[in-house]
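We just call them A, B, C, D and E in the order they show up, numbering each chain from 1.
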Amino acid sequence: MPESVSSIAEKAGLSPGVLMHVGEARLENARIEVLSYDQEKCRQLEAGVEDLDRLRQEPGTTWIEVQGVHDLEVIQQLGKALGLHPLLLEDVVNTEHRPKVEDYGEFLFVVLKILHFNREEMSIEPEHVSLVLGDGLVVSFLEADRHPFDPVKKRIMAGRRRIRRLGADYLAYALVDVVVDTYFRLIEELGGLLESAEDRVLAEPQKETLLMLHRLKQVELTLRAAILPLREVIGNLTREDSDLLSEAIGPFLRDVHDHAAHVIEASEAHRETLNTFLELYHHAVNNRLSEVMKVLTIVATIFMPLTFIAGIYGMNFKRMPELDWYFGYPLTLGVMLLLALAMVLFFHRKRWL
Amino acid sequence: MPESVSSIAEKAGLSPGVLMHVGEARLENARIEVLSYDQEKCRQLEAGVEDLDRLRQEPGTTWIEVQGVHDLEVIQQLGKALGLHPLLLEDVVNTEHRPKVEDYGEFLFVVLKILHFNREEMSIEPEHVSLVLGDGLVVSFLEADRHPFDPVKKRIMAGRRRIRRLGADYLAYALVDVVVDTYFRLIEELGGLLESAEDRVLAEPQKETLLMLHRLKQVELTLRAAILPLREVIGNLTREDSDLLSEAIGPFLRDVHDHAAHVIEASEAHRETLNTFLELYHHAVNNRLSEVMKVLTIVATIFMPLTFIAGIYGMNFKRMPELDWYFGYPLTLGVMLLLALAMVLFFHRKRWL
Amino acid sequence: MPESVSSIAEKAGLSPGVLMHVGEARLENARIEVLSYDQEKCRQLEAGVEDLDRLRQEPGTTWIEVQGVHDLEVIQQLGKALGLHPLLLEDVVNTEHRPKVEDYGEFLFVVLKILHFNREEMSIEPEHVSLVLGDGLVVSFLEADRHPFDPVKKRIMAGRRRIRRLGADYLAYALVDVVVDTYFRLIEELGGLLESAEDRVLAEPQKETLLMLHRLKQVELTLRAAILPLREVIGNLTREDSDLLSEAIGPFLRDVHDHAAHVIEASEAHRETLNTFLELYHHAVNNRLSEVMKVLTIVATIFMPLTFIAGIYGMNFKRMPELDWYFGYPLTLGVMLLLALAMVLFFHRKRWL
Amino acid sequence: MPESVSSIAEKAGLSPGVLMHVGEARLENARIEVLSYDQEKCRQLEAGVEDLDRLRQEPGTTWIEVQGVHDLEVIQQLGKALGLHPLLLEDVVNTEHRPKVEDYGEFLFVVLKILHFNREEMSIEPEHVSLVLGDGLVVSFLEADRHPFDPVKKRIMAGRRRIRRLGADYLAYALVDVVVDTYFRLIEELGGLLESAEDRVLAEPQKETLLMLHRLKQVELTLRAAILPLREVIGNLTREDSDLLSEAIGPFLRDVHDHAAHVIEASEAHRETLNTFLELYHHAVNNRLSEVMKVLTIVATIFMPLTFIAGIYGMNFKRMPELDWYFGYPLTLGVMLLLALAMVLFFHRKRWL
Amino acid sequence: MPESVSSIAEKAGLSPGVLMHVGEARLENARIEVLSYDQEKCRQLEAGVEDLDRLRQEPGTTWIEVQGVHDLEVIQQLGKALGLHPLLLEDVVNTEHRPKVEDYGEFLFVVLKILHFNREEMSIEPEHVSLVLGDGLVVSFLEADRHPFDPVKKRIMAGRRRIRRLGADYLAYALVDVVVDTYFRLIEELGGLLESAEDRVLAEPQKETLLMLHRLKQVELTLRAAILPLREVIGNLTREDSDLLSEAIGPFLRDVHDHAAHVIEASEAHRETLNTFLELYHHAVNNRLSEVMKVLTIVATIFMPLTFIAGIYGMNFKRMPELDWYFGYPLTLGVMLLLALAMVLFFHRKRWL
C-alpha cells in the first residue's frame, strides 16, 4: 500500500495534534445528525456544532453521527464542545490510521475500517470509521456519503426493545457489529471468486489466471491486515476495565470477537486454497512443457532413423548392390514402416502416447 | 470454505440475538428427549417444551437432548423455560459457529463440531453440537438425525456406576469425549488414504494423484481448523473456575485435552507426510522430463552425424574418389556402425543408458 | 502415524477409565519385580500383586517394576492395591499415549517413550514407559521384554552411595535419565546415516537417495514429536510444586531437561542438514538435465549446418558449377571442417565444453 | 550488514566503558547548542561543555543538542558534567548500536536510527541518534551535519503552546516523532520504486530486474530490522514506570507507537508484494523457456517428416516407379503441403499457435 | 552435528555426576593460575589444588583460572576444595554441553562457547568455557591452550580502576564480554566471505559456489545455535535475583545482552543474504538452460527448412522443371538466404538474439 502512507509523509515534521485531513474528501460539507433516545421516546434531528453541548445534557443515550471528516473546522469545534483530546481528533481525520482502541478515561475511542471490494480492479477500498463512547454518548465519524449505520438507526427508531433499553455501550457494540458483518459479505464474495478461479486453473494455464490468483492473494492479505488489529481491538475492549462498559455488554463483545476470529479463519482458509491453486497452476505449466517435449522427442525419434536410412540409399557410391535389387525400394519402405511401428510401440509402452 | 459464511452474510444488519437458523434443516420437527437419573434410578421420557421447567426441579441429573436446531420456535421456548441468554441461543442455531466455551455464570456453554468424512468427495461435513451445563442439568443440541450420543445414553441406562454417581459435569465431559473420539476415527481413515496414496505417488505420476494429495491436504487443514479451537476450548474448561465443575472432573478434562492434542499431532504428521508425497510427485514429474530429454538427445546424437555422413556421399560432385572405391559403400557403413557404437558407449559411460 | 491411532479409534464410545490394552502384547504374563532399599540394605524379590500392600509399608524406597502392561487383570489389581486413579491405569495400558506428567496429589504420574531405531526399515519403534512416583515408592511399567532399567538396578544393588541415599524421587529421576540417554544413542546413529547420505548425494542422484533422505526426515520428525512433549514434561516436573519432589532433586531435573534440549537441537540441526541435502539433490537433477540439453544442442548445432551443406550439393540442378570444380569436393569438406571447428570454439568460449 | 560489525570487532578485548568512536567522523568539531525555554520565554545559545552545569540549573526545560559524536573528549566532559553513566556514553559514540531504551534511574536513555535511502545504490544509510531524558533536560546526540530536529526547534521558538507548556518528556517525544516520521517518507519512496518495478516484471524478464527486486527486498529487511526494535523501544517507554515521564505524555507515546506499527505493516505489505513480483518473474522465465521449446517443437515436427519424404525420393534405387510418374513431383509436393497443413492444424488445436 | 553427541552417548547408563571428560584432550596437564586482587594490590601465582582453600580465604577478589578440563582428578579435587556440586563439575568437563546459567545458591554457574572459525574447512570449532561465580571468587575453566582471557588479566594487572574496584561479579561479566566479543570477529569474517561469494554467484554458476553457499549457511546456523542460548543465558542473568550479583552490574549485563542480540541480528541478516544468493544461483542455472535451449532452437529453426528445400531438389523425379532452369540453382540459394534472413529477423524481434 505505497499510497496509503504518502500523505502522512507530507505531514512529517508538523506538530502532532495539528489537525490535517489525510485522505480524499468525498463530501462537500460535514453533516451532523443527532439521535437522542431512551426506552420511552426517540428524537432525531440535524444539528449544528453549537447545539451539541446542550444535546449532551439530555437524559438517555445520544448518538451523534458525523459524516465528512474532511471538514476540519467542524471536527475541531465538535472536539472542543465535547472535550475530546487533540490526538483523538487527529486520528479521526487521518483516514489512513490503523484500527485501534484507546482509553482516554472519560472516553473510549475506537478506530475501524469498513472494507469495500472493487471487483473490477480486484482491490479493496477501506473506509475509515471512528467511534467515541462517552457517558450516555456515542459519536460516530464517517468519511463517505455511504450510510452503513442506517440499519441500526432504523432499529432504534422502530423501537426494538433491547437497543432502546441497553445504553450507549450497546449502541457502540451494535455499530462495531455492523462493521464486522461487512467482512462476512466480503469473505463470501471472495469465496465466489475462488470457486470460479478453480475452474480456470484446472483448464488451460494462462498468465491472466496467475495474475488473478496473485491479486486475490493480495486482497486476502489486505483483508487480514485490516481484521487482525480489529480482533485485537475487540479483544482489548472485552478486557477493558472501563466504567463506560457495563457488565451486560460482555457477552456481546465476546460475540463480535468470535465473528472477527471466524473471518480471520475463513480468510486463512482462502489463502491456503490460493496456495493450492498456485501449485496446481505451476504443475499445469510444467506439465505442458513436458507434453511439448514429448511431442518433439517422439517426432524426432521416429523420423531421424528413417531419414538416415533414406540418406544411405541416397548416397552415390558406385557399388551399392541393394540399389539394383528388384524389391529394394519396397523392402526399404517396409523396413522403415516396421521401424516406425516399433518406435510407436516403444512410446506406447512408456505411456508417452 | 466460502459457503460457510454465505448465510451469515445474509444475516448481516439484523439485530444480534434475533434467532435465525444458519445451515441446512435436516429434520422435520425438533425432538426433545429427557433423561433424568441419579445413582438409584433412571427415567427416560420424550417431553414437550412445557414440561421442561417441571423436569428441571427433579433431584439428580437431568439431560435434555434436543434434536433439530432449525426449529426456532422450540429453541426459543426452551431458552425461555430454562433462562438461557439470547446470544447463547443464537450460537445454538447458527450451525456455522466456531467451537468455543463461554461462561454465562449460571451456565457453561460449549460449542463443538462432529466431523463426518465424505470419502467420495474427499471433503469433511461438520455437524454442529452445543452443550449447556447448568446445575444438575445438561442440555445437548444436535442438528441432525444421527445419534452420536446414544452410547452414553446406553451407559447411563445400563447403570454404569461412575456416570450415575458423578453428576452433570461428568455427563458433559462424557459427551465431549464422544465428539473427540470421532476425530480418532477420522484420523484413522485419513491415515489409510495416505497409505494408498503412497503407492500411487511412487508409481506413474498422474494429475489425479496430485489433485488427491491437494484435497487430502485441505481435509487435514479443515480437521486442524476444527480441533485447534476445540483444544483451546477444553484447555479453557480445565482452567475454568466455575462452580459447575467439581474437582473430581479435573483428571477427565485433562484426559480429553490430551486426546485432542494427540489428534492434532497425528494430523500434523499427516501433513508432513503429504508434503513429502508432493515433493516426491514433483520429483517424478521432473524425472520424467529428464528421461524424455535423454531419449531425444541419444537419438539425435547418434543419427545426426550418421545422416551427415550419408549426406556427404549423396553429394553430386564430379570428383569424389570414395564413390568409386570398390569397398566404399561397406566401408562407409562400417564407419557409421563404429560411430554409433562409440556414441552408445559414451552414453553408457555417462549412465544415460 | 496412521496406525498409531487405529486401536484408540476402536475404543471410541467406551466408558473412559475402562481398561483396554492398546498396542501389541509382547510378553505372556506380567512380571512384577520389587526392589526395596535404603542406605544400609537392599532386597530384591519377585512379588505377586497380593504382596504389594505389605511391601509398601516397609521403610526406605520401594521400586515396583511391572513388565507386561497388556495383563489388564494384574494392572487392575495393582492399581487397587496402591490406590491409583482409573485414568492413570488407562494411560499405563494405552501404549500409544503421548508423553506427559500428571499430578494426582498423592502420586506423580509420568509417561515416556523409549525410541528404538529400526535401521532396515528406517523407522522408529516407540516403547511405552510409565512411572508412578509416590511417597517412598516408584512404580515403573514397561510393555516389552527388554530391560532398559537394568543399569539402574545394578547401581542400586552395587550400593552406589548417592542413589541409595537420595530417595524415591531420585530413583524416578534416574529412570527418566535412562530414557533420555537412549535418545543420544539414536541421534548418534542418525548422524552416522546422515554422513553416509552426504556421499550419495554428492555422487550420482538416484531415486533411492531421495527416498532415503525423505525417510530420514520423517524419522527426525518422529523423534522430535517424541522429545518435544518430553522436554515439556520435564520442564513441568522442575516447576512442579509437589511434596513428592525434594529440593535436592532440582539440579538433577534441570540436568535431564538440558539433555532433552540438547537432543532437540541436534535433531533440528539434522533436519537443516537434510534440507541442504535435498536442495543439493535437486540441484544435481537440474544440473543433469542441463548437461543433457547441452550435449543435444552441441551435436545439433554442429551437424545441422553441415548436413545442410551436404544437402545443397546433393541437389540435382543441371547447372551447379561447383560440382564440376576440380577441388569442389575437398573444398566443401574443408569448409565443413572449418565450420565445425568454429562451432567447437564458440561452445568452448561459452564454457559449454 | 557485514561492515556494521567490523569496527566493533576491532574494539574486542578493550575494557567496556572505554570510549571509542565506532563509525565515520563526518564533522570536524562537536558543536553544542542549548535551547532553554519555558511557557514565557525561550533562549538559544551555543555553549561550551563548561557552561553545561550552570545551564542545567535554570528553571524550565533545557535542550542540549550535540552534533558530532566522534569528538570523544567533548562527549566525555559532557558526560562528567551531567553525571551520565560510562556505558551510556559508550552507546552514544558507538554509532552502530541497536535501537534501545535504557532506564538509568536519573536518566532515560534512548537510541534511535534515522534511515536515509540511497536511491542510486539501493541501500539504506542509517544515522545514529541518541537521546537522554533527565529532569527538565533533554540531551540529543547526532553524528552528522544534517539537521533533522530543526522543525522541532522552530516550533519551540515560534512559541507553539503545547510544546512550550509540556515539559522535557514532551520534547523527547517530539524528537522521537521526527525520527518515526522519516520512516514514512522512506516507505513512500520504496512504494514508488515497487510500482515502477511492477511494470518491468510484467514486461520482458531481465537479470537487472531480478537484482533490483532482491535489492529492494534487502532494503525492506534492513528497514524492518531498524523499526522492530524501535517499536519495542517505544512500547517499553509506554510501560516504563519512570518519574521522568508524566502522565500527560501517555497518549503521545501510544501515538508514536501506532505510527511505528503502521510502518512495520506497510513494510511487510511491501515484502509480500516483492515476493509476488519474484514469483511472477520466475513465471515469466519459465514461460519463456516453454515458448522457446514450442517453437523448436513446431519447426521440427513440421520439417522432419517433410525432409524424410524428400529423402525417400532422393534414394537411388533402380526401380522406384513414382519417380517416373508424370505428376510424381507435384503430387509429392502436394502431399508435403497437406502434411504441413495438418501439422499446423494439430498445433492450432493444441493451442500452441 | 552428529559427532557432538557421540561421546555423550557412550556415557549413557552411567550414574549422573560421575565425571567423564567428553571431548578432545588438548593439554597434557591441567594448569591452575590464581589472581588475587583488590583496589590496592594484585598478586598472581600458579597454584596447586591444595592451596585453593587457603587462597579463597583472602580478602578481595580471587580469580582461579583452570586450563585443561580433561584432567579429571584435578577438577574433582578442586570441586571438593571449593564445595562445587557434582553436576556442576560434570558440565565443566563435558565440553559438548550447551550454554546455560544455573544458580546453585552459593554459586552461579555459566557455560559458554568460544567459536573458532576454520576457514579452510568452512566449519566452526567450539571451545567450551565454564565460569563459576562465588562470593569474592571467580573460577574459569578452559579446555585449550589458547588464552582468550589474557586481555582481562592484563587489565587487572595494569590496575585499571573499574575492574579493580568492582568485585567478582564484574570480573565474571568481563570474561563473558570477552566471549561475546569473539562473536563479533566471527561475524565480521563471515561477512567478508559473503562479499566474496557475491561475485562468484553473479559470475558463472558452479557447483563449488553452491556447496560454499550451503556450507556458509550451516556455519551461520551453528553460530546461531550457539548464541541463541547465550542470549537467553545472559537474559536470565540480568533477571537473576542472586546475592552474588550487585546492583552495579545491571547495566553491564544489559550491555552484553545487547551485544548478543546484535550478533544474532547480524547473523540473521547474513542468512537472508545467503538465501538471496541461493535464489540468484538457481536463477543463473535456469537462465543457462534457457540460453542453451535458445541456441538449439535458433539453429534448428534456421537449418531445418533449408535442409528440407535442399532435400526437395535432391529428389530424383524425372520431371522436375526447376532443375532444368538456367538460374534454378542460384535462385534456390537466394530463396534459402532470404528464408534464413527472415528467421534471424524473427528471432531478433523476439529478442532471442
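Here, contacts are C-beta pairs under 8 Å (C-beta built on N, C-alpha and C of every residue); 3 or more make two chains touch, one makes a residue touch a chain.
The structure displayed is predicted, hence computed values, not measured ones.
Peer 1: State, to the nearest whole Å, the distance from the C-alpha centre of chain C to the C-alpha centre of chain D.
Peer 2: 42
Peer 1: How big is the gap, in whole Å, between where the Cα atoms of chain C centre and where those of chain E centre?
Peer 2: 26
Peer 1: What are the residues of chain A that contact at least two other chains?
Peer 2: Answer for chain A, listing residues that touch two or more other chains: 289, 293, 296, 300, 304, 307, 311, 314-316, 320.
Peer 1: How would one label the connectivity among the chains shown: line, ring, star, complete, or other?
Peer 2: Per interface graph, the chains form a ring.
Peer 1: Once the touching pairs are worked out, the chains link into a ring; list them from chain A, going toward chain D first.
Peer 2: A, D, E, C, B
Peer 1: If we count contacts the way the header does, which residues on chain D are in touch with chain E in the complex?
Peer 2: 1-6, 8-9, 11-17, 85, 87, 90-91, 97-98, 100, 102, 104, 204, 207, 210-211, 214, 217-218, 221-222, 225, 278, 282, 285-286, 288-289, 292-293, 295-296, 299-300, 303-304, 306-307, 310-311, 313-316, 320, 322-326, 328-329, 332-333
Peer 1: If we count contacts the way the header does, which residues on chain A are in touch with chain B in the complex?
Peer 2: Contacts found on chain A: 151, 155, 160, 162-163, 174, 177-178, 181-182, 184-185, 187-188, 190-192, 194-195, 251-252, 254-255, 258, 261-263, 265-266, 269-270, 272-273, 276, 279-280, 283, 286-287, 289-290, 293-294, 296-297, 300-301, 304-305, 307-308, 311-312, 314-320, 351-352.
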